[in-house]
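Shared chain: chain A. Partners: chain B in the first complex, chain C in the second.
Presenting the complex of A and B:
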């Protein structure tokens, strides 16, 4: 058996397990936890296109989740447009706003870029909280929007009576975005982005227009992030600016990526697999006794990973898999 | 007009508090080239320390000023030594390592939520001898705790500036901030200087905590209010600049209080972010910053 075959078998097993999981997990509560796990893995993978491959650290991505949720929900509530279409419109708006934010900020160095993305995101959140109606659009300020529960929803309404369809929608979205990331990381664009992230001056000297590729990555990342916003709105049927567009979500996305492994394909998934269950269970079982414990653990893991595994958890896991694979395929030490 | 001037006076006094917080942040950035995301949490630690000290011993709030800052200096010194330094050492060659920023974010989460676990989420105040005292200046009313906070902020800035110029340690701090490698070659232990810078920044957060506690609420996430403003002030004043931090604080305090006379106070937050972004795009070095620092 060759290494390539082994990789394929492993991928197939993981994919089959993910698709078959609802056969075992039938409780809506646990299904919801899995849905949110995939939701975070999806968001982090989308973030990774900028935060991982383009080598900067955006800390305001929740604003694009908000743009997605608001766009599709306003279109549905006020104009009767299907959320499936609203989702794409929201994605397009998020991509445009992402480019507008990226144009001036990509010139900035490290910490300034972080602060800038925070200021943009918080500024937009504060504005949304202060606006009740924008022209004909009802935004509803800090109270947020309520997506009414339909009696007999069809697929076209993006609303389902059971959790199962949501599970498969977010799973498919996650697989698509992972495949997409894999494709990009192997393409010319991916190499250019990596070069621009590590050595912007050197890349520019080779004639690579770093800024343009970063903007492209930003537009893509924002588009994909906004799609998840619509998904969240249709899943929860209620959202408000502070919860959906606040810094907490932005930071959590970045943390998952950093702990899992920034700039790797599996990193966001591994990070979400570790942190989301931890988050949910400590919140469910311990938050009455010890509020905030899950965030203390979060912070400690982040600090420990940064000190001991600054590249994230994916690197040692990949090395482990590599060793196992070599044993199974019977090949000696790699070159 | 009277109302506007009164608001401006209050804004200037609150702005001095923002400036005082920003002072520690700018010192840490100036020396270590790291934006300390945990700075608001350090202020929270300072406020809780002052709160419990006054609450349990009943001492005068300004007596806490001689106890809390030294304790926080030690806390900050060892926080940097144990938690942040290892990451620095791993990325020694990078001028502004992002991983260090991330570690300070982790410290922020740990400190804020430890406070939440220990003390709960409620807003606490402690009534002190000076809490509700005020004096009249013409037709304007000046609150005594806020005014003394203002005085302490300016005194701290002057003291810090003198320390940086006159003492050997201060000169070592400045040398490290100018050129890490050259300072190293001159026999300055870079990491000890970082410990001192972080300790000093934390001690200044302790000073701010002591002067805030007679008139401000303390709760586990109180730092976030000051954190975001301190970032903005530091960029406005120029990263690493002591007078810039104070001036930037006054500007933000004035904008906040004067604008809220004319519009809903929730909008002033959006205006502050807008001003911040405009400064960054137009003059990223701020009032007194160095050009190469952005």
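Presenting the complex of A and C:
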């Protein structure tokens, strides 16, 4: 058996397991936990296009989740447009706003860039909280939007009576976005993003317009992030600015990426697999004691990971898999 | 033979400081030109002006017959101007092959093709045994070679080498001289900044000497090292040329 075959078999097993999981997990509560796990893995993968490959640390991506949710929901509520269409409109708007935010901020480096993205994100959230109507659009300020429950929803309504379709929708979205980032990371764009993120001057000297590539990655990332916003709106059927567009969500995405492994394909999934259950159980069992304790625990984990595994959990796991694969395929350890 | 680079009346002010002042120089296609001068003479500023990092305060730079005013480093790279950095800038977290492929992607969109170009360049620079190493783990001599490899992978017409010999041991300097000669034989015009005079003497067809941003001498390596102004510049005014 060759290494390539082994990789394929492993991938197929993981994918099959993911598709078959609802056969075992039938409780809606646990299914919901899995759905949110995939949702976060998806968001972090989309974030990773900028935060991982392009080497900057944006901390305001919840705004784009919000833009997706608001756009598709307003279009559905006021104009009867299917959320499937609204989702794409939201993605396009998010991409444009992402580029507008990126134009001034990508000139900055390190902490200054982080702070600016936080400022932009919080600014937009506060604006949404204080706007009841924007022209003909009812935004409803801090009360948020309620997507009415339909009696006999069809697929076109992006609304389902059971959790199962949501599970498969987010699973397919996750697989698509993972395949997309895999493709990007092996193409010219991926090489150029990584080079520009690591040494912008050297990259420019090799013919790379670093700012343009970062903006392109930002547009892609924001577009994909907004699609998840529509998914969230249709899953929860209710959302409000503070819950959806706040810093909690932005930080959790960054936490998952940093702990899982920034700039790796599997990192967001591995990070979400570790942190999401932790988040859910600390919320269920510890939130009576102290709300927000889960973020403190995340912080502790992040500190430990950054000290002992600065590249995240993916690198050592990949090395372990490498060793196992060599044993199974019977190839020597020497290169 | 035509001139690949023509610099006329080049001047650059940084605030009150004039780093380069009314400099004229040209490079013929296929030659190796060395730019030398004491520390702080403005050599690297000249490189940065030619490579499009800074815009000149005055003067004209013509590359391959085209005025480069307003063109950014990435535009010039596409036109065939590549450079290395005095303080090497590898993409440290990536492998050597990855580093060189970034350069190779300038002339192709195919990952497969970029890998082929990169592997060929690595063989030229005798770096192929390091291709799977992380760039951050290379020795200083190999890092300097990697700088050249990245630049060479963009398939340049003119290559600016900024002190690629600095910090190398004498035998490594000899290897590097061989490599740079090999580049010229491949048809690349080379413009070097160098402090190691042995290398300048061995390599260059012509030498331009600058001090305080102004040209004080130009000519063959032998002529330039005997020039009174040059000796004064390096040793100080109180010494007479013997």
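Quick notes on this structure:
FYI, the second predicted complex is superposed on the first by the 329 of 335 C-alpha atoms of A that agree within 3 Å, B and C clash if a C-alpha of one lies under 4 Å from a C-alpha of the other, contacts with A are read in each partner's own complex, and residues count from 1 in each chain.
The working rule: contacts are C-beta pairs under 8 Å (C-beta built on N, C-alpha and C of every residue); 3 or more make two chains touch, one makes a residue touch a chain.
Source: prediction; values computed, not measured.
After alignment on the shared chain A, the placement of chain B and chain C results in a side-by-side fit free of clashes.
Look at A:194: by the touch rule set out above, it reaches chain C but stays clear of chain B.
Rounded to the nearest 10, the angle at the Cα centre of chain A between chain B and chain C in the chain-A superposition is 80°.
Contact with chain B, but none with chain C, is seen for A:290 once the two complexes are overlaid on the shared chain. When the two complexes are overlaid on their common chain A, residue A:28 makes contact with neither chain B nor chain C.
Of the two partner chains placed around the shared chain by superposition, chain B is the only one that A:109 touches, whereas chain C remains out of contact. Of the two partner chains, neither chain B nor chain C is touched by A:20. With both structures placed on the common chain, the touch criterion links A:208 to chain C but leaves chain B unconnected. Touch counts on chain A: comparing chain C and chain B, the chain ahead is B. In the composite built from the two structures, the nearest CA pair linking chain B and chain C is 12 Å apart.
When both complexes are aligned on chain A by C-alpha atoms, no chain A residue touches chain B in the first and chain C in the second.
Of all residues in chain A, only 57, 104, 108-112, 114-116, 118-120, 122-123, 126-127, 129-130, 251, 254-255, 258, 290-293, 295-296, 298-300, 302-303, 306-307, 310 touch chain B in the complex they form. Taken in their complex, chain B has these residues touching chain A: 29, 34-35, 83, 86-87, 90-91, 96, 98-99, 101-103, 105-110, 112-114, 116-117, 120-121, 220, 228, 231-232, 235, 264, 266-267, 269-270, 273-274, 276-277, 280-281, 284, 294. Across the interface of their complex, chain C is touched by residues 186-188, 191-192, 194-195, 198-199, 201-210, 335 of chain A.
Of all residues in chain C, those touching chain A in their complex are 51, 53, 72-74, 77-78, 82-83, 85, 89-94, 98, 101-103, 105-106, 109, 111, 114, 132, 150-151, 153-154.
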